[in-house]
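Working notes, structure below.
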Amino acid sequence: MRSYFIRAGGSSLDDLVMLERDEPKPGPREVLIRVRACSLNYRDQSILTGNYFGGKVAADQVPLSCGAGEIAAVGGEVSLCKAGDRVASTFFMNWLEGPPRRGAALGAPPAPGMLSEYVVLPETAVVPMAANLSFEEAATLPCAGVTAWNGLVNGIAPLKPGQDVLLLGTGGVSILALQFAKAGGARIIITSSHDGKLERAKGLGASELINYKEVEAWGEEAAKRSPAGIGKVIEVGGFGTLPQSMQAIGFGGEIAMIGVLTRGESTPHALMFKGASLRGILVGSREMAVQLNRAIEVSDIHPVIDKVFPFEEAAEAYRYQGSPDLFGKVVIAV
Amino acid sequence: MRSYFIRAGGSSLDDLVMLERDEPKPGPREVLIRVRACSLNYRDQSILTGNYFGGKVAADQVPLSCGAGEIAAVGGEVSLCKAGDRVASTFFMNWLEGPPRRGAALGAPPAPGMLSEYVVLPETAVVPMAANLSFEEAATLPCAGVTAWNGLVNGIAPLKPGQDVLLLGTGGVSILALQFAKAGGARIIITSSHDGKLERAKGLGASELINYKEVEAWGEEAAKRSPAGIGKVIEVGGFGTLPQSMQAIGFGGEIAMIGVLTRGESTPHALMFKGASLRGILVGSREMAVQLNRAIEVSDIHPVIDKVFPFEEAAEAYRYQGSPDLFGKVVIAV
Amino acid sequence: MRSYFIRAGGSSLDDLVMLERDEPKPGPREVLIRVRACSLNYRDQSILTGNYFGGKVAADQVPLSCGAGEIAAVGGEVSLCKAGDRVASTFFMNWLEGPPRRGAALGAPPAPGMLSEYVVLPETAVVPMAANLSFEEAATLPCAGVTAWNGLVNGIAPLKPGQDVLLLGTGGVSILALQFAKAGGARIIITSSHDGKLERAKGLGASELINYKEVEAWGEEAAKRSPAGIGKVIEVGGFGTLPQSMQAIGFGGEIAMIGVLTRGESTPHALMFKGASLRGILVGSREMAVQLNRAIEVSDIHPVIDKVFPFEEAAEAYRYQGSPDLFGKVVIAV
Amino acid sequence: MRSYFIRAGGSSLDDLVMLERDEPKPGPREVLIRVRACSLNYRDQSILTGNYFGGKVAADQVPLSCGAGEIAAVGGEVSLCKAGDRVASTFFMNWLEGPPRRGAALGAPPAPGMLSEYVVLPETAVVPMAANLSFEEAATLPCAGVTAWNGLVNGIAPLKPGQDVLLLGTGGVSILALQFAKAGGARIIITSSHDGKLERAKGLGASELINYKEVEAWGEEAAKRSPAGIGKVIEVGGFGTLPQSMQAIGFGGEIAMIGVLTRGESTPHALMFKGASLRGILVGSREMAVQLNRAIEVSDIHPVIDKVFPFEEAAEAYRYQGSPDLFGKVVIAV
């Protein structure tokens, strides 16, 4: 079988190589997955370039946390799934449910990665795919989908029908959040620097569109467009967005902070006068992945894919993910 | 102006009379409403027949808790609304927000009723109508809509996308619950003795239909149709439904009990083995009414009205509400 | 090593036998426990007499769910504890955290039991003992303590300082609930038929004592003694207690139903007019056991033990548990 | 009667004057309070010096938000209290219950202040005093007590027995938080620059003491002293404390930010990797004040008063509040 590896000490796309390996065998509580599709997240770029927490990978590392496929074989003590099941990976190896905890995540040491024709995982590190999804669609969810779900559905101001939700930009997390928020009956305010993308967001159910190139004080503007008060901001970050998100948030609301891209310092005073909260989101638990797949099935949501690359062009997919005109996720078919 | 009254000591429709009265004047923190539509609830039948808590009314009583209209005038210290606003009544006079409390409710002593061309209420006893609603539609919500909303959205297992919700029958509360649950992304299982009504429920978004005449063990059947486990039952009652609702409910789920019609004894053992809850619902707070009107506006929900009667035919409306083929609410235009 | 067994098909104390067996060996993710103490629950009587869910045991079964001891050895992949750790068993084999779920529980088929000098359990089926506890004290907690904790601390009306809590009787769960509620700053109302026990409850921190032999309408009386409204009832059951608990509960409060002893039918109307809830409690998760051991350590709580029997007198302990003058738990030293 | 006023345009203690005025009369839903004691908060210093939100006061303003006394008279429609009741003021004029909202607060325009022999307030702007408190003690609670209570008891990680709570310093809010946290069964870690104060905190129930002059990295140290993870930080602020609080907080925990003194910018990345939250606290609702008075009564808590000044020496009290050796609240007897 063929797998991609980031070579030990790798720091660029030159270090991403495809190799032939023996098909692995599942242990007693493990499953063997025939991977059919993977998706890319910004985290995967950091891991490739050695800018992730652990620095450069010390040993050859299969990349990517997000994949979907069929169970090809199961170990003797497996009870949660069976051969033939369509499943997606979970982001964390060991966060099954309950409150947040520290843990290894797929696609970086010491966990396996998904960019491989076959992968062995503990039976608890996969979830059933929503029946209405293709493998390509299901592969977009383990990191970006669970992050959006956790941000919206949990915390001090959980999603409810009629809630005003502010989304920043049209990246993978924001567009999935848009689809979940719409399915949950929320009223959606979204920002972008690109009118075409705002129109596409409208097509997916956004009701208030703010071009932040035209409206520099977009946080204030969002607050104005929400007479009831914004209950939730999905803060995907970037330089200086947090102060504006704090201006936007309503009384008692919550800013769900997807931090990897949040940059710059800020003073959190604005939270205080509104009794508002800022919650750090680091993806989520297996249980959240189970829940979101159910929600997807019930509302027949189809994650937005910008482009699908063949397995042989994984490097192209990495490059393409940096392009400014992305709308939705970048997928690699396996 | 004209008002209906249940005569002191009244016990039947013969005691419902229409009288001319002087138009009332709002006090400093009160509003005068030009009522445009009212809706009927089963509670209104009990009040009319003297079977409500207080027994027969001791003084002439304007009936009905649920109405909608325009603000005709406001007292000098009113700040929450202004003349011309489209508003609906709240069910309780004094439950503004927060947890449940005891209190007087419109349409029964000692509170005023809505079946009148003009009504004076405290400014806190009205809420803004969702902009997309007609007065007839808005008049269906103060009791039945808030009850459905409270049952679904609050408690230990609040509505979330992908949740399985069981609805019993197609009465006013159940159909509104169907519409709210659908707007919130739930998967809906509904029972009826009538295939035609089940089909209409399907048209509104129900995915699992159970004819309880054909499937006597409908509680068990509902559980079977919910592989994920039913998270919420809106238990509108009737003889012997509660034991089946307890069979239907999933682990950690909640039965929201709208009790007026719940009859018969039961042993709650079944709750225990599933860690499930039973919550008593007695309509809800003003804040819940505010929230549900927002949700209605965002998802463009239109409450289902079975029939609208003119003001002069209020007695007909009372009679019609007992008819077995009802689907949705009975409304009186004012 | 020596273990007690309920003989296959057993239905009385005559079927409880002590046998010599080989010391078991832990698998890779298992631990070997040198048991030092066990405690008895009413469930254990039902299992012995063949009145538990599964009926008479089909194979020899080691009894008792509740034990504490030292880790004697650990399997090669164990990471949660190490040899020498002082631990208690968990009630369920597989409910680690999160919402309720179905599962096997210690002391009944198909799970192992604790009344043995050595027991092998999965590493996730033990929790660290609070440092201030003896083995005898720690052995009282896995079922009765976690039940009390779950009832008080979770649900729609979680324990908070100043909350009024009603406890029924002075059995094992009620006395542990008293100690936890006191540690959490609650105001405690307790019932008993025995003034001496009420005095002992006062010594543990109860502020309102009701002798239910003298005050038949104890539910109403409890409500009177709670001007703020009772926020939580720990309903441990018995014939006809539930209707009175429903009279006692305050607006928005929760009756946590520990159902094994709840008998008789009831109509739950009373819940409705107070917006109150009834939650089924079936012990709780491993995480709850971890939390309560921390709470015990912080507040230096010592569970009340009525009597400790030596290992050789296990049958005496079973008999003694039925005595009417019990106050606190019955323990067997191992 | 005598009242203190900050003169219009005032900016220093020279502008605080005592004047004779006619005793005010309560309106229909108002109460007249014979004030017996007031307490000082840092906010009161800002208002005096014109550094509060509105700047210098535009008209003569009675200062102080926090007072306690007896009801001397009530208006004709008052139902919540009666003459002779011992009551304390609420901080906000109109935040009765429910989620946070904007509103006027006592002691600053446009609301009245408490530093007066008699004050008229709406009946909803007072709460019953805990029976065990003196007027001096009750006067410490409306701002500092409710702030501490809101921070601890609400939010995403509410106080529960066994929870680890970190308190910063020994100011009024921190010491009240210590007392409430202790009453709720928490384990308390507290910082100070002063060993004597740490010892006093130990006397009140703190178990871990950190002198932040000796341990510069106190946030990290606090985390080390909490094997279970700190569930709540009461962040009362100062330059650069927030980054250390973020290091201290445990997985899924909450930093309750009492912001007036929080200074300096910070990057909230640390929250993310622990799924932790930061919640802005701006005092709290009337309902919270009701709850905390109940909790105080049940656990017989006595707020710590550093010094009581006579009414004539109000200016001395203002000056004394700035002294570095304060432990507990500064009170003015009226």
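We call the chains A, B, C and D, going by the order they appear; numbering starts again at 1 in every chain.
Convention: a residue touches a chain if its C-beta (ideal position, glycine included) is under 8 Å from a C-beta of that chain, and two chains touch if they have at least 3 such contacts.
As the structure is a computational prediction, the values presented were derived from the model and not from experiment.
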More C-beta contacts across B-C or across A-C? B-C
Interchain centroid distance [CA atoms averaged], chain A/chain C, Å: 42
Please classify the inter-chain touch graph. Allowed labels: line, ring, star, complete, other. complete
Would you mind writing out the residues of chain A in touch with chain B in their complex? 153, 158-162, 180, 183-187, 207, 228, 291-299
Chain D partner, complex, touching residues on chain A are 99-102, 155-156, 242, 251-252, 254, 257-259, 262, 264-282
Write out the stretch or stretches of chain D touching chain B in their complex. 96-98, 287
